[in-house]
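Consider the two complexes below, in which chain A is the common component and chain B and chain C are the respective partners.
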Partner chain A sequence: MNWAFIDWTLLAPEIIVLITALLIFGLDLIWGDESERETLGWLGILGLIFAFYATLALGQGGELFNHIYVVDSLSIFSKQILLGIGVLIILASLDYIKGATKYEGEYYGLLLLAILAMMLISSAAELITIFICLEFATLTCIILSAYFKHEPKSTEAGLKYLLVGLLSAVVLLYGISLVYGLTGTTTLYQIGGSIRKYAFQPVLFISCIFLAAGFGFKIAAVPFHTWAPDTYEGAPTPITAFLATASKVAGFVILLRFFVGGLGDIEGHWIGIMVTLAVLSMSIGNLSAIPQTDIKRMLAYSSIAHAGYILIGLAVLSRESLTAVLFYLLAYAAANLGAFLVIIAFSKWTDLHNISDYAGLSKRSPLLALSMLLALMSMAGIPPLGGFIGKFYIFAGAVSEAVSDPERLWLIGLPVWGVIFSIVSVYYYFGVIKAMYLVEPVDTQPIPIPVPLGLALLIAILLTLLIGIYPGPFLALSESAIQSIF
Partner chain B sequence: MLNYAWWIPLLPLITFVVIIFLTGKAKNLSSYLSILSTFVSFILSCKLFLYLIAHPETVEMSVEWFRTGRISVELGMLIDPLTGMMLVVVTLVSLLVQIYSRGYMHGDPALSRYYAFLSLFTFSMLGLVVANNFVQIFIGWELVGLCSYTLIGFWYQKPEAAAAGKKAFITTRIGDVGFMIGILLLFSHAQTFNFLQVEEFLHRGILSPGLLTLIAVLIFCGAIGKSAQFPLHVWLPDAMEGPTPVSALIHAATMVAAGVYLVGRLFGLFSGSAQAMLVVAYIGGFTAIFAGTIAVAQNDIKRIVAYSTLSQLGYMVLALGCGGYTAGLFHLMTHAFFKALLFLACGSVIHAIHSQDIWDAGGLFKPMKITAIVFLLGSLSLAGIPPFAGFWSKDEILIAVHNSGHTVLFVASIITVFLTAFYSFRLWFVVFTGKEKEGSHAHESPAVMTIPMIILAILAVVAGLPGSPWMGGWIHGFIHFEGLHEMEAEHGGHGMVMYLSLAMAASGIITAWIAYKARWISYESMAGTFSSAHSLLFHKYWIDELYDLTVIWGTMFTARVSGLFDRYVVDGLVNGTAWVTIAMGRGARTFQTGLVQNYMLIIFIGILGFLLTRLL
Partner chain C sequence: MIELTAQTIPFYILAVIAVISALAVVSLKNLVHSVLFLALFFFCMAGFYILLKAEFLAAVQIFVYVGGITVLFLFLIMLTFKVADKRLRQTNEQWLIAFVMVILFGWLLVTGLSETNWEIAEWSGPEKTIPVIGKLLLTTYIFPFEVVSVVLLAALIGAIVIARK
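Presenting the complex of A and B:
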């Protein structure tokens, strides 16, 4: 391989993030003073913003190392979302992490590495690379989940993530080996070109299942979701927010790239799997969210349910529905971050996690309550917020595909199922809203909002509103992103 | 180049958001913010208006709002001379009303809410005026309805105010249903919401005449509701329960103007169907004379002016229905100024005597000179006396009606001229002349209230000049409808119509003078002699009572029955479903044992399940 001919500028965002992360680790060693640690967080934000800026200069992108690593509109879109999420998470962590652990500097470094791993996932187009990047991301996330190592819940979160993650890694690797055995190559580009020849091999179906299981673990789709509630509950809240948004985005991008981009020619083999995952995730996610008392656990189940809605888009497999997948991810990430940011501010101050503890929040902190209200309403799919438009496009995509092709009329069942469970979801989202607005507070002390967190919250909520009120540009963005694989 | 035009509607919207979320507690700051933003909008509107005078052209600017499938919905602006004129009128009247409200609403505890909704009201109307497509105009339309609800019911502690707010909202909504069906029907054929594209579609003549008439009449239903035309006029007089400056805004520039504006904006659609035009003309003509007669017998100062609004709106709709495009829209502008003036002056009177009954007033000329004079100017304009603004525009309307050849409508509109002059001067003579009432401490309102009135009074005098021969009927060249220009006659050639209307107006004033000032005949005995007729007029033809007995009773009855059904059948089902769902949730939760072995087992079973479904 001739290194001179590699267009390194395509890797500029990743390189910037990597250098920033290493810089943070280095400075963390040199600086002795505790009070300077916050600077490292700001340094991380700066690095992410630079990297974001670098993604804007990528233009049409290109591919590296013979299609092992592709920089296309999909991966650029995904990287931009990931970098945005990263900035908001660090902003929210600045105050949260202070005094909670001795190892502040490493926290930011690891967070940056996790973002880097997910950026790599977005571009990986070769099975071994995909596997390594996935494991890179999982490992950094495990460390971050167990970051408060003196808290049993945090340790439990990390351990469960690790053990279940190991199982899924094994399954994924087995699936990969089957694909390699069949096609003799691991590059998606080549697999996609020749896969039609093997369409009648039963092994192909088995490998589809194993790969779906491996990726399903990342997006926490039922039945590969079991780790999520425990990990979400126990992990430090900014990390929970990170897992619920960034990890899901990266998981869906790899799912799209592998199944739609790679195995798009033999969709009959895997559409059934997607349908099953979608139906199970919507049902189990929404139903299990109802009896939850812990707000982070409730949102964990809600995020499982959202994975179900998004999977409808994959199962329908039309330009419209795949565009909706990306659009939904964007709207979901904004609203979910908004909700988690409120939880971060609230739990840092009160150290309480139950839904009933949010009683009277509208009186204690009207801004936090309003933000939570908008975030939850968006997730429940109430207009004019982003989540509504996202659900609308997902369901509309399924309906228009079902109506246009009589053989696929059964697809109409998916949006019907989705609508039914969206209604169910209103119940548990409004449980929180009811507590915040209708129940009198036990403790009337106002809750302060740290400035960086307030800034992040403002961005997330404004974005939720903007996506809902003026979806045009976001839709255009999603549409151009999906063009590189479909 | 015209990009600043976006700010005209946006500024009031931003103000609304800022007041609601940030400055709600600082009442004075909220009001100043609102006034300032409307002022800037007004200046920008003037700039745009001057540009349009220099370049009378149609400019369309838009961005795609969202898209589903082939349907694209835009947010945009369609800027032509009509839009330019409306923008200036709306922002100016809104600005003056807001300044006036500083005095009138002084000390109200909910001042921030008041200004927030005034801003939203202004935004909604501006958004409607600049709209370049049906979706946007409908959104503005509904927002206007919502704001009227919140502002009419502003003093919601008063049951009548709350009821009036509801009545306004529901009554106009009835028309809106027709409007929406019309839009969707048109869309299903034209496949676009954009005005210019729809116009192009209509030019192609694919639409059958019957369908075109149906669509036009359905859309006109919306205008009937908003512009309070018969039979959906009942909400407007009740809307007097709101604060008087709000009435001024609703009656002059925002809500009721929307209906007339809609017909003007979609004139291409209406003029394509002779039957639809006939419907429009007759509804307008009937409303004009019908409301005029009611106004004669009312005693509430605001209600008299309110019925006069109905009547004048009828004129505008009549003019449009007769093909008098320029005439109707010109009257919309002049009417906005003199009617806003009359309402603000009414507010000034009410402010002074704390009563709305004209018989509680009397002899107010001496203590309230400014109010009396501006009121007189407004009334002269309303009655159509030259050279005041109302004369020129009303004359245009009469000529348009005359030229259209509908004799019945022409006679009705000439009689309405008499009625208009009569009731306006009845009001003026009773309130401002005669003896001052015992114990009256009436005094002139503060400058913050009188200055807006004086500005409007000047406009009520001069706003008609663009239609006068001195400016060569300039308005005809500015606001006109392509292909229809020849139908509208020039001013000079219709001396007969002008003299007739002048004679009617003069005799109306003289009759009012005889009955209420000189007292040569006793109006009490007149009312006694024609007691049944007087009672009919006083009770507004019993229309409200008729609706109560039919539509409202029927609706309430159906509502009660469905309420019972809802309580016992639907609620039972819903509670049952909820119970089952919660039980299922508890069940689903048991999978989550917390033991990692079980988690792995679930994954294993999941994979196995997938394999089995494929193999079996």
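Presenting the complex of A and C:
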């Protein structure tokens, strides 16, 4: 390997995030004064914005270390979403975390490392690197979930994430070792080439199941979702928002890169797995969300259901449907962040988490109620919001593929199933809206919105609206991103 | 199906010991006994590595797992209040479901692995593994190697944050 030929600028965004994280750890140590801690959060935001600028300068990208690390349009797209999510999460954390823990500086540092890990996941194209980066992300998320260590629920959240995460890591590693045994290589680039000759290989099918289980844990698809409701409920709410959005984006990008990019030629091995995961996630996610009384648990099940809708795009496997996957991720992240930011503002002030506690929110804080309304309507798929367009493209992609190819007519069942459960989901989203707008408040005290959180909320809600009203540029972005693997 | 040759006999002996000790780890009632069987299991793993001509991995396995992790487990058990001599049940009422799942999983693996036409490499690997591993870690696999250092940093800081009062 000749070191002079390595284009280090391709790693610029990651290096900037890493240096910012280290700087935060260092400054946190030097600054004794408690009141300085908020500055560290702003420093983190600054670093993320710089990194975002660096991604704009990547251009066409390239590959590093013999296809171990790939910077292509897909990974740049994913890194930009992740950095954006990171900025919003830190903005929302500034007031939430203040005084809630003794380790404020480390919180921002670890959050940056979690973002770094997910950025690495979106570029990793070699099985060992993928495994290490996935474990890096899981580890930082475990620590952040258990951050309020004096609250039993937060500890429980971290512990459940740890135990299920360990199991999924072991299964993933076993799958990786089988793929290596079969192909003799670990880079996806070479695996794709050497695997093409197989019509059907039982071991390959088994390892596809194992790998889908490992990645399915990250996106919280049924049946690998068992950690999600408890972790979402117990973790500090900004971290819940982070898990529900960033973790899902990274999980889907690695799913796309591995299955579509790496094993795209032998799709017969894994399409059935995706169909099963999609159907199970949509059904169980939506049905379990209905009886929930805790709003974070309800959104956890709803995020499981959304993973199901997105998986339809993978199961259909056409240019159109894969574009829709990325577009949906964008719309879903914006709407979900909007909903969680409202929860952060509300729970910080009232310390209440039940859906019934949101009674009369429209009178206590019209802005929060309106934001929640738009976010939930987008997730329910009501026009003209982002979620509607996302669902439309996913379902339309499936229908057009089913109609154009008579052998794959069965694909039409997936969008039908999706539409049925989207209608079911309207019921539980409107439960919250009903409480906010139609029920009289018990406590009429208005709820203040901290300025940074308000800013983040504004960005998330405007983005949800913009994606719905003017989807063109976002769709073009998703399409150019998917071209690098399909 | 089972051929007994100079290579396979040690494998079968090790395999039987490994399975029995792994079962002992998850079924014994005394934590200390479980940990000791875990150490035995790790030794068997090191034996497999030697059979596969990966002596360096075998040594690392013994240093890290037997020497490091098992001893850490023992310290933890001894320092935790009143756990060392307690008798704990390791299973709950779902053990039967778990057992059935494990059998199914094993059946899936065995049939899958035996139905596959594995390509057997002609080359049996390098004479000395240590220089090759070292070179690979610092050239081809430099990237994951460096990422691991950041992972360790995150783990260290996280452990301090979680464990300190």
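Keep in mind that, in the parts below, the second predicted complex is superposed on the first by the 484 of 486 C-alpha atoms of A that agree within 3 Å, B and C clash if a C-alpha of one lies under 4 Å from a C-alpha of the other, contacts with A are read in each partner's own complex, and residues count from 1 in each chain.
Keep this in mind: contacts are C-beta pairs under 8 Å (C-beta built on N, C-alpha and C of every residue); 3 or more make two chains touch, one makes a residue touch a chain.
Every value quoted in this text rests on a predicted model; they were computed, and no experiment measured them.
Judged by the touch definition given at the top, the superposed model places A:478 against neither chain B nor chain C. Contacts of A:247 after superposition: neither chain B nor chain C is touched. In the superposed model, A:109 lies in contact with chain C only, and not with chain B. Of the two partner chains placed by superposition, only chain B is touched by A:167; chain C is not.
Contact with both chain B and chain C is seen for A:205 once the two complexes are overlaid on the shared chain. Looking at the shared chain after the overlay, A:120 reaches chain C, while chain B stays out of its contact range. When the shared chain is aligned, chain C comes close enough to touch A:182, but chain B does not.
By the document's definition of touching, of the two partners only chain B reaches A:287; chain C does not. In the superposition on chain A, contact is made by A:68 with chain C only, not with chain B.
On chain A, the patch touched by chain B and the patch touched by chain C overlap at residues 202, 205-206.
Put simply, chain A touches chain B in their complex at residues 159-160, 163-164, 167-168, 171, 202, 205-206, 209-210, 212-213, 217, 222-224, 226-227, 229-230, 272-273, 276, 283-284, 287-292, 320, 389, 392-393, 396, 400, 424, 427, 470-472, 475. Those residues of chain C that touch chain A in the complex are listed here as 108-109, 111-113, 115-116, 118-119, 121, 139-144, 147-148, 150-151, 153-155, 157-158, 161-162. Residues of chain B touching chain A in their complex: 63-69, 75, 578, 581-582, 584-589, 591-592, 594, 596, 598-600, 602-603, 605-607, 609-611, 613-614. Those residues of chain A lying in contact with chain C across their complex are 1, 18, 25, 64-66, 68-69, 103, 106, 109-110, 113, 116, 120, 126, 128-129, 132-133, 135-136, 139-140, 142-143, 146-147, 149, 158, 181-182, 184, 201-203, 205-206.
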